[in-house]
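Chain lettering (A, B, C and D) follows the sequence in which the chains are written, and residue indices restart at 1 in each chain.
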Amino acid sequence: MRVGVLTGGGDCPGLNAVIRAIVRKGVQEYGYDFVGFRDGWRGPLEGDTVRLDIPAVRGILPRGGTILGSSRTNPLKTGNGIPRIRQTLAELDVTALITIGGEDTLGVAGRLADEHGVPCVGVPKTIDNDLSATDYTFGFDTAVSIATEAIDRLHTTAESHMRVLVVEVMGRHAGWIALHSGLAGGANAILIPEQRFDVDRVCDWVTSRFRASYAPIVVVAEGAMPEDGDMVLKDRSLDSFGHVRLSGVGEWLAKEIEKRTGNEARTTVLGHVQRGGTPSAFDRWLATRFGLHAIDCVRDADFGTMVALRGTDIVRVPIAEATARLKTVDPELYDEVGVFFG
Amino acid sequence: MRVGVLTGGGDCPGLNAVIRAIVRKGVQEYGYDFVGFRDGWRGPLEGDTVRLDIPAVRGILPRGGTILGSSRTNPLKTGNGIPRIRQTLAELDVTALITIGGEDTLGVAGRLADEHGVPCVGVPKTIDNDLSATDYTFGFDTAVSIATEAIDRLHTTAESHMRVLVVEVMGRHAGWIALHSGLAGGANAILIPEQRFDVDRVCDWVTSRFRASYAPIVVVAEGAMPEDGDMVLKDRSLDSFGHVRLSGVGEWLAKEIEKRTGNEARTTVLGHVQRGGTPSAFDRWLATRFGLHAIDCVRDADFGTMVALRGTDIVRVPIAEATARLKTVDPELYDEVGVFFG
Amino acid sequence: MRVGVLTGGGDCPGLNAVIRAIVRKGVQEYGYDFVGFRDGWRGPLEGDTVRLDIPAVRGILPRGGTILGSSRTNPLKTGNGIPRIRQTLAELDVTALITIGGEDTLGVAGRLADEHGVPCVGVPKTIDNDLSATDYTFGFDTAVSIATEAIDRLHTTAESHMRVLVVEVMGRHAGWIALHSGLAGGANAILIPEQRFDVDRVCDWVTSRFRASYAPIVVVAEGAMPEDGDMVLKDRSLDSFGHVRLSGVGEWLAKEIEKRTGNEARTTVLGHVQRGGTPSAFDRWLATRFGLHAIDCVRDADFGTMVALRGTDIVRVPIAEATARLKTVDPELYDEVGVFFG
Amino acid sequence: MRVGVLTGGGDCPGLNAVIRAIVRKGVQEYGYDFVGFRDGWRGPLEGDTVRLDIPAVRGILPRGGTILGSSRTNPLKTGNGIPRIRQTLAELDVTALITIGGEDTLGVAGRLADEHGVPCVGVPKTIDNDLSATDYTFGFDTAVSIATEAIDRLHTTAESHMRVLVVEVMGRHAGWIALHSGLAGGANAILIPEQRFDVDRVCDWVTSRFRASYAPIVVVAEGAMPEDGDMVLKDRSLDSFGHVRLSGVGEWLAKEIEKRTGNEARTTVLGHVQRGGTPSAFDRWLATRFGLHAIDCVRDADFGTMVALRGTDIVRVPIAEATARLKTVDPELYDEVGVFFG
């Protein structure tokens, strides 16, 4: 049996650990062959492959990124996409496909499996931790650790100069990284995309922190918006350079805090360092177990399913269900954490 | 209302995060007063207290250890222990007690609550992650991270000299740290207390790794035992110096591997570095949430209960149930990981 | 004898280690008293002091920032500055002043010592490592370590997506942090303030890296300028918000690279994380030795001098000489490193 | 021109950075060919080589260990060693040899160059930093950083349980790692091989630390000896298992402290983790510059010389001079640091 593997969407620490686990167990226990497809869906679309055997996965466990490369190519938006994929699989004699990716990548896998009979198994990947059906995704813990370490470092600068420091972290649609790293880093305010924030309230927290003779740290998710954000931030969205548009809110907020409180404020945008480098031990564990269970799904011919974490167990769920809705921060949990604001 | 807090047993990264969360929420939301008891049960036994208010918990979130101190004093084995504790609580007007500790500390809390009507709430703490009723305990992730980083480092030395490296990690009765760090560190064998190991089989893994031109790393929990361990290790147990006795298995195993395979082998005993220093982001998150929910138990007068993690939720369980049995590594999970041995 | 201590300018990991060493040796070996002045020169100007004895310096060795606070207040630009400082020192019976700071802070100390007979000893501090007369300053190694770790992380993202990553690091007038972290991080181009850069040449390096099937990392000091930088970057300098102006070059360069090579490019501005948090072992060693030698200068009544590192020795130099010129990157050294570009 | 490269002795973070720099500059600037010899002097003795070109050195900068392998084989103690090496070099048309190693490896290189006309260039390597003629060797900073981080972690455990923690670090003949990491980690006693220690004095320091309500950390180099060490430790030297013999002093000292002061004491032996893993930014910088200058020595036909660090410059010294004597800790420097004991 020959199994194809691809990784799609943004890179994430732990992708290589998944790939390694799939290949190690697939070859050693089940005697499978593997084909790596390069750059997500582009690989099967264009028949671009990479050797994928035990020597190819040696030493990759601690390495970030993906040895298969990644892209955002979407075969559903590509002329004749589905037939081309089926043809590639047929030509290469690939009878099962493991797709490691986020909402988009898995969405395609789900439709391929359900509507076109392509035997797909999914492994969830989102650094933002915003996929429902799984408690956590790998890469998230690494991102939170990096952001927390950065916040730890920023405290001393803030205290020494009695300045406000605004830290912008990843999270376009869900505030998980902001919530976890902000809590772990002892932030005095955490702003997430799920709830519009009131700048004056943030300024109150800032001021109250200074009154206690400490300097405030404000953690803001890149997708967080002030109450009138559509208006005040709209110019930025015209900017064609993706990164700048997203980093707008931190900088904007620092200026507003300066203006309204009279305190000096500085911004740090953590950016891509959050998603690179060696995965944390937690993420290596989770990613490896996802890989081991994904190849078991193939052995069981359990297609159209995705592996997921529930408590300490790896379970299987229908791909379609898993990608149906975004997992956002529950207002109750946000309130729970709110005791540390100000 | 005045609430007492104590920490018992071995120290663990995250204890201070629990204490801080209890005090911040207790003071700010519920208007409670706090009394810190020093050195676990010794505090209430001897009336030894420490001030515990918001200034006392500032800045402690990222700090390992416990500002309250700890000890293994057991009031059930101390003359007149229970009445003395009740008297201290009465004298200080303490009407609820939050005890943060492992099996021993919580065992006392459970009996105090159930048999003597002392209003106790428990927070689980064990670096070995071996308490049932909770998916994880804080400190465990930090320990696994430190051990994984050490294993990462040892790989390059092993490869450069083509030597076997035996890494002894914590875990007297349960192999969770060995299992997680061994998997995350890419170990070629993981030995845990739950299953006696066969030295010859370990030697086979070692030899097969060398055949693939790589040098093996063997991770062994301090409580792991060879099949005839009672005999071969028994001399060591006569040693009065606790630490040496426990570190015996790694050293013994390295010598056996040298003898049986002819390959050079070295041991590294990670020891106390695994339990010290700043908690990981995951542990700060978990410990903080445990603290927030523990003080909610007090508010709800829900005594005799312990907070626990289930998936991503914090739940309440009877203390007695939580300490009834050790949470050990499931043979199935150990088998799952075994694909990477050799 | 009573000795005053102050820290001026931007904060820097290691400041607390200097303070601790001064106080520990001053009290234990020489029996001195200490007075901490708050927020750099603002302290002696306004008579704002903080207790500075052995308990005050306990536990501060591993902590970033400064327990004395810092500011950029310049008494030479403050009405009646010198007489007010002399008066404060007289009133507090302070007969020697140790000033820990960069060019500005030490410039004032030098003039106070030389022209006004105020007994000052200097300790050099600049995270950019741009003070002549000393091989290294503390804080620099920490900043380089943090930047290198960030570059390590960015490699995997760059490779996974075959993108250019531009990393902007500190260094307004000297490129030491860029040079060291860029070399240590395996960057494919390093741009420093000392030499205007040619964007087309940078694009050549980028392109040649892609041809070898790897993705390029470009490290750029915040003060680096393209050949026609005065023109292309001038709008940014009108921005009143300091941080934005300085972070311009990385973002500008990424856009230019995209435009000229057609490759996707992203920017990461490391910002304040480089100067915060616990100092590296090297910086703790250097800072501590600076402190020990500074208090020896006081004992020897060797005023108007600054401690400095030469090889592995701590030496004394006249403050005036030390601040006379900026230590910039030698063109020969830059050429040496250039072998790794492209 | 064809240049041979070998690495001898214990592995050390930075070896790969040296190799990469040699090859990158040698190929790109001077058009040289390279041959890697495997496992130190065993390579040229047995004609065991490994391909060494630009693809072979890609990505190795951040990796610990050595891609060439290492050994302690000494051709001067091997039958017919010199002629065999000359023959190998002749057969492979290798006209210059760069040897990266410590006292032993360089001692051979020096004699080969001086007495047998074999064109050798040396690069100093010793994790203990005990080679004279160079201010620092690469690997040392990494080892000190790892040891310091471990000591940082141990403080919290020591405080929580009010125990003595003895940390044994590397250093058989010189106490540099103990001195630097002990100072940087805030140890309360540092014991080095250069000065026999008085156990009672150590106990005084321990006791005085407890009186100040803090728990002591004692850092001891593996080669440190009590005043009557030859007697009390002699049994251990009979042990055939190298590692155990060396780790004796920490464990012995902890027991003595327990016995004499009545305080609980624990030992942590850091062991091989100190020499593995990714090199620090400082070590990558130093190792790279050593490599760049070593290949320049070859170009200049400057054989029998070794590169060395003096201040911030890389200089050339005769190999023979460099290995003539051990660089040990100066008693004055040890006294300087002694202010923090107790």
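We take it that a contact is a pair of C-beta atoms (placed from the backbone, for glycine too) under 8 Å apart; a residue touches a chain by one contact, two chains touch by 3 or more.
All values derive from a computational prediction rather than experimental measurement.
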Distance-maximising chain from chain D - centres being C-alpha averages: A
CA centroid of chain A to CA centroid of chain B, Å: 30
Centre-to-centre distance between chain D and chain B (centres being mean Cα positions), rounded to whole Å: 34
Distance from chain D to chain A - Cα centre to Cα centre, in angstrom: 41
Chain D: positions in contact with at least two other chains: 152
Interchain pairs in contact, sorted by label: A-B, A-C, B-D, C-D
In the complex with chain A, residue positions of chain B that touch it: 24-25, 28-29, 58, 61-62, 135-136, 141, 144-145, 147-148, 152, 180-181, 183-186, 214, 278, 280-282, 284-285, 288-289, 292, 310-312, 336, 339-340
List of chain D residues in touch with chain B within their complex: 10-11, 13, 15, 63-66, 69-71, 146, 149-150, 152-157, 159-162, 165, 241, 243-244, 251, 254-255, 258, 266-273, 275-277
